[in-house]
Amino acid sequence: MASSFGESLKVSIYGESHGNGIGALIEGLPAGEIIDFEKLMLFMERRQGGRNSLSTSRKEPDIPEFVSGVLDNRITGFPVCIRIANTNTRSGDYSNLLKNPRPSHADYSAFVKWNGYADMRGGGHFSGRLTAPICAAGGIAKQILERHGIFIGAHLATIGSVSDEMFPMQPSPQLFEQIAQKAFPVISDACGEQMQNEILAAREEMDSIGGTIECMITGLPAGLGDPMFDGIENRLARVLFGIPAVKGVEFGDGFGLSAMRGSQANDPFCVDEAGGIRTATNRNGGILGGITTGMPVRFRIAMKPTPSIGITQNTVSLETKQNTTIEIHGRHDPCIAQRAVPVAEAAAALVTLDVLLTDGKL
Amino acid sequence: MASSFGESLKVSIYGESHGNGIGALIEGLPAGEIIDFEKLMLFMERRQGGRNSLSTSRKEPDIPEFVSGVLDNRITGFPVCIRIANTNTRSGDYSNLLKNPRPSHADYSAFVKWNGYADMRGGGHFSGRLTAPICAAGGIAKQILERHGIFIGAHLATIGSVSDEMFPMQPSPQLFEQIAQKAFPVISDACGEQMQNEILAAREEMDSIGGTIECMITGLPAGLGDPMFDGIENRLARVLFGIPAVKGVEFGDGFGLSAMRGSQANDPFCVDEAGGIRTATNRNGGILGGITTGMPVRFRIAMKPTPSIGITQNTVSLETKQNTTIEIHGRHDPCIAQRAVPVAEAAAALVTLDVLLTDGKL
Amino acid sequence: MASSFGESLKVSIYGESHGNGIGALIEGLPAGEIIDFEKLMLFMERRQGGRNSLSTSRKEPDIPEFVSGVLDNRITGFPVCIRIANTNTRSGDYSNLLKNPRPSHADYSAFVKWNGYADMRGGGHFSGRLTAPICAAGGIAKQILERHGIFIGAHLATIGSVSDEMFPMQPSPQLFEQIAQKAFPVISDACGEQMQNEILAAREEMDSIGGTIECMITGLPAGLGDPMFDGIENRLARVLFGIPAVKGVEFGDGFGLSAMRGSQANDPFCVDEAGGIRTATNRNGGILGGITTGMPVRFRIAMKPTPSIGITQNTVSLETKQNTTIEIHGRHDPCIAQRAVPVAEAAAALVTLDVLLTDGKL
Amino acid sequence: MASSFGESLKVSIYGESHGNGIGALIEGLPAGEIIDFEKLMLFMERRQGGRNSLSTSRKEPDIPEFVSGVLDNRITGFPVCIRIANTNTRSGDYSNLLKNPRPSHADYSAFVKWNGYADMRGGGHFSGRLTAPICAAGGIAKQILERHGIFIGAHLATIGSVSDEMFPMQPSPQLFEQIAQKAFPVISDACGEQMQNEILAAREEMDSIGGTIECMITGLPAGLGDPMFDGIENRLARVLFGIPAVKGVEFGDGFGLSAMRGSQANDPFCVDEAGGIRTATNRNGGILGGITTGMPVRFRIAMKPTPSIGITQNTVSLETKQNTTIEIHGRHDPCIAQRAVPVAEAAAALVTLDVLLTDGKL
């Protein structure tokens, strides 16, 4: 179904921005694994509003309640239901928008699909707020993976036309940790400052700006995944395109590969110091034929600018079927990409754990 | 499972490059629909080798035999099993490559996954040859869609650093048809000539080159698809990454959107001539929140250069675990992107028909 | 996954008997449908303990809270998360049973599967209490079906060796309603009295007793369902065997058919008064080849006696791996079959609605 | 989809009785496993017509061709496509039946579902002939299971009102083998003789007769399977109801349990000779809460009499919508139950192997 993914580890997301609550139902987490609740809260805080001056002023505690499947901080093996309360909703902010669909939001397409019955206040089930349960589930997956030597990290690769440094070929868990602790998740703080200026400039003009996120998974063995439509790429892409505002996904050098010669793009195999097999370069992002090569998995996602902007935009009235205009007020991030960094990690963690469980490697 | 996709229309691909045959098993095609066999053959020929001087000299007739599910050219409603014989296999070409994995092929990752049991002659189940049954299935889907006013077309958007013109916002079925009839599938033949020079140059240096494909779907109503993980983008991406050599997928302006401001990237709604609702621009590629807006769906895929190149490359011996080199002879396309154009259309057709059936619109 | 079923209507059940709560996550309910909350409560009360003197004294209000997917009593189209609080848990009743598995409960098999991590207090996720969310989901499905002229009813067919009358070939909605309003759900109250005596006799001897339930679905058109493994029978059986204590499922005359001649078992077709096609008898239970015939669907399920009995039983200690004995105290139904009658209806309603949605008939 | 089942081991069945061929597509068979082709042929012959005087005179060689996924008798890890030619079709036998649906066949329900487009010659996709690919797939699964000490056997438990002996609590592989080699698959040949007389009597009167099959799986560890809707019972039932003519499925004592007291039905745990845990009886058929107990899994299926009988029956004309009669000639088994014995084993083998693979036990 639409709001679920995963094979051995099945994650279903529920809730709306302004409903009673949001959450996730997770089947297949390995029994006996411990949840470090404090660490989970730290991870979830990374996506929350109000972390720095650049994001929305809507602040919600986002404390995941474990309704089922957890006893004394341990996974029992039964389905884990997580619930996060919606405490800070101001539906008044949106009420009159429902009749005039906001450009580049799902308002219109959802209106048509559900004949107007969808609860689209605050974006409803499409709201970026729904990434909170993805992070709750993904944060648990991340903890389990780390116990098995698998680490996941991400950073803002670009904001508008400004770039961060790129990850090295074999980033360390320490590097991931350093970025995770920053209020603005970049490798180079100098680049980060320029990026923040870019965001501030957009905000000042009541506009928004897009960005890209680079994410890596290290510590994976070779031979994971499946051919054709269940490769690591396919599974990651299916989930990544479920993060609101993601419009592009590429692996390794991705679109860059399409401009290369084979002699540049191919990753030659070589014997490493320990006698194992690796590739000298990693332009394919650790995946060949959908299956891991043992090199770090690397991908990049493109996020469009926040659709909600204060500038007056053209739209139509669904009631009168006439052209009209709209100005969107309320609490919005001028750049959603920065808050999506842990979401990309969460999605990667859930897919990785699912593949490991499916392949009987955990 | 790995080699299957689809919900209401389930497509499973089977076979290996050098085995007894390849094919597809398709469940869910609507009973009563007619298969125009001649038209299907024309579509399948578009992906075949030997169409022009730029592609592999391996020519196979690729005639799909309908083992089940079809009676007197009509879909009966039962599973449709298609079989294509492998007639032109020269396993000798590959035999000694099996021990020394070819860079950027699935040889090594498949070797690890299946403990050496996978039949990797000619790329096995990973071979580009497996796109023939995708085209057979997709060609049928395309015929059904056209009867309902839905058209799909694609062209080579770039080869190396050379670009074709891009599709207009509302391409006509005639434009799609014109491109489909060309030996080299581009909009601008002038651009196409430069592209072909790029490919020839790569071939002369025993090298290969990558490219991108732009594909569009017109005639879709608004309100199709699902939120989160079953959006049109998610479903298309899952299948598109199953096409060998695809390393990136983007919708609308994709990665380009990440460099824009919201005021540039948003597609304003407006009332069209007939009183319906459309958007003035289509930078989101006809999809918002995973659901169609009624504008044409537009995506682009990045294809890496053919991994098989004549230039000597570094690799390792899986037997001795020592570094060694490899030169790949045999019949290979210097650029696979050109043959993948109808494959992109086929994938788009299958996903589109599946969504229409799932949503009860057909 | 294990605790989910359905294709177009996906139902996932979560929770444990003594955890924070139980519930269901439902995807695919048609947007715009109204939930009559009072009617839903009446339906759910039919499965609750304490309805008459024959069932457990554990009484819980079982009020379903709609966490998501419902706005102003209407289905919005987004996933519906239902939560039911666990208010009346006495874990002390079970604590020492965990080490000594109760015969015919899942204690031992669950202990092995989850290495002792499963929260088996009160039966955990296997508890009959988990049928409450099935009824909540099924009760909603039933309301939707009734608006489309499809009715579902069930009764206790047998308790021990005592039988109720069987349903007529074409039972009326009124008959279903009459049974639903009885404290003891039978057609013949005279038979019902004997059945209750059978239950009382078992309880007096600190024992329990089994039973069977007959269920029917009326108002279905012909041509619903699928061949082979997704027939109406397959789908119903998969869900029905998910009701705790169900050990047999049969359709139409079921096991009785295996003792018949073809000339007795076949249902001859005939033209009915309105010129439509029906069968003169309905020994196949309204299903041929997995697909509805237009006759009422009829099935029967066998429920084993409540495994929890006061009589001393042999078991083993999982700690000492020695033989030992067990006496089960606590609040148990001497016959679970009577409380399972609405659960059978709920399961039938969910499967029926799923099939109708999948086949595009709703 | 309808003609597929399985999670880690996915089996899809295709073909029609009178089409070009029938077969199975199998994903997930473990790479490296050897197929003993001769043994597979012996297994498949058990379900074929013409094995004794009691079955249809339609004899087909039913030789499975491996189109893909097998190299030098070994599973490669890629999807295995099996094809069996249809060589002995006499469509003339059925042509005029298509207009007058045969009672208790799928003719009418399939006609409605597919608007008359389904190829129902010889029963089409519903034909008992489609059990040949189930046996081909299941025969391979059986060989793999036996290498891991898991054995599956079945026998005719009843024909009409005549019973065979029942299996002992722990049947040996030798007993399974003995039955498999008999032309009439029973434990007691004396009982078998009476059963055969029952069949002959039915045939002489141009009638048919039903029967039941008992099947057991030995050698399974405890802790296999899942709760709720993916228990061993749910998964087996889903597949077993896909065998044509099956109308009932029960586990352990099944419907018999519903007439028992708890003190009779419960299986007490005890320590066995080797210090392991077992149950003293096995009335629950080796499954509690959907999960194996380590005791043999035992189930019984009810098969209705062959619907095709020579006696004149009432039916309707789909053309004139008038009552009419039908006499079915052609080559039919007077009792299909006897040929379904290996089919039950095949279904059990496929489900068992799937569960083992899903649970990472193989």
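Each chain carries a letter (A, B, C and D) given by its place in the written order, and its residues are counted from 1.
The definition used in the following text is that a contact is a pair of C-beta atoms (placed from the backbone, for glycine too) under 8 Å apart; a residue touches a chain by one contact, two chains touch by 3 or more.
Everything numeric here is computed off the predicted structure, so don't read it as measured data.
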item: Contact-graph distance - origin subunit B, target subunit D; value: 1
item: Centroid-based (C-alpha) most distant chain relative to subunit C; value: B
item: Chain centre separation in whole Å, for subunit C relative to subunit B (CA means); value: 46
item: Cα-centroid distance, subunit A relative to subunit B, in whole angstrom; value: 27
item: In subunit D, residues with contacts to at least two other chains; value: 1-4, 13, 78, 113, 125, 227
item: In the complex with subunit B, residue positions of subunit A that touch it; value: 1-5, 13, 101, 103-106, 108-110, 112-113, 125-126, 130, 158, 160-161, 202, 205, 207-212, 221-231, 233-235, 237-239, 241-242, 244, 246-255, 257-271, 275, 277, 279-280, 284-285, 287-294, 302-309, 311, 313-316, 318, 321-323, 337
item: Subunit A residues within the subunit C interface of the complex; value: 1-4, 10, 12-16, 19-23, 25, 27-28, 31-32, 65-69, 71, 74-81, 83, 113-115, 117-119, 124-125
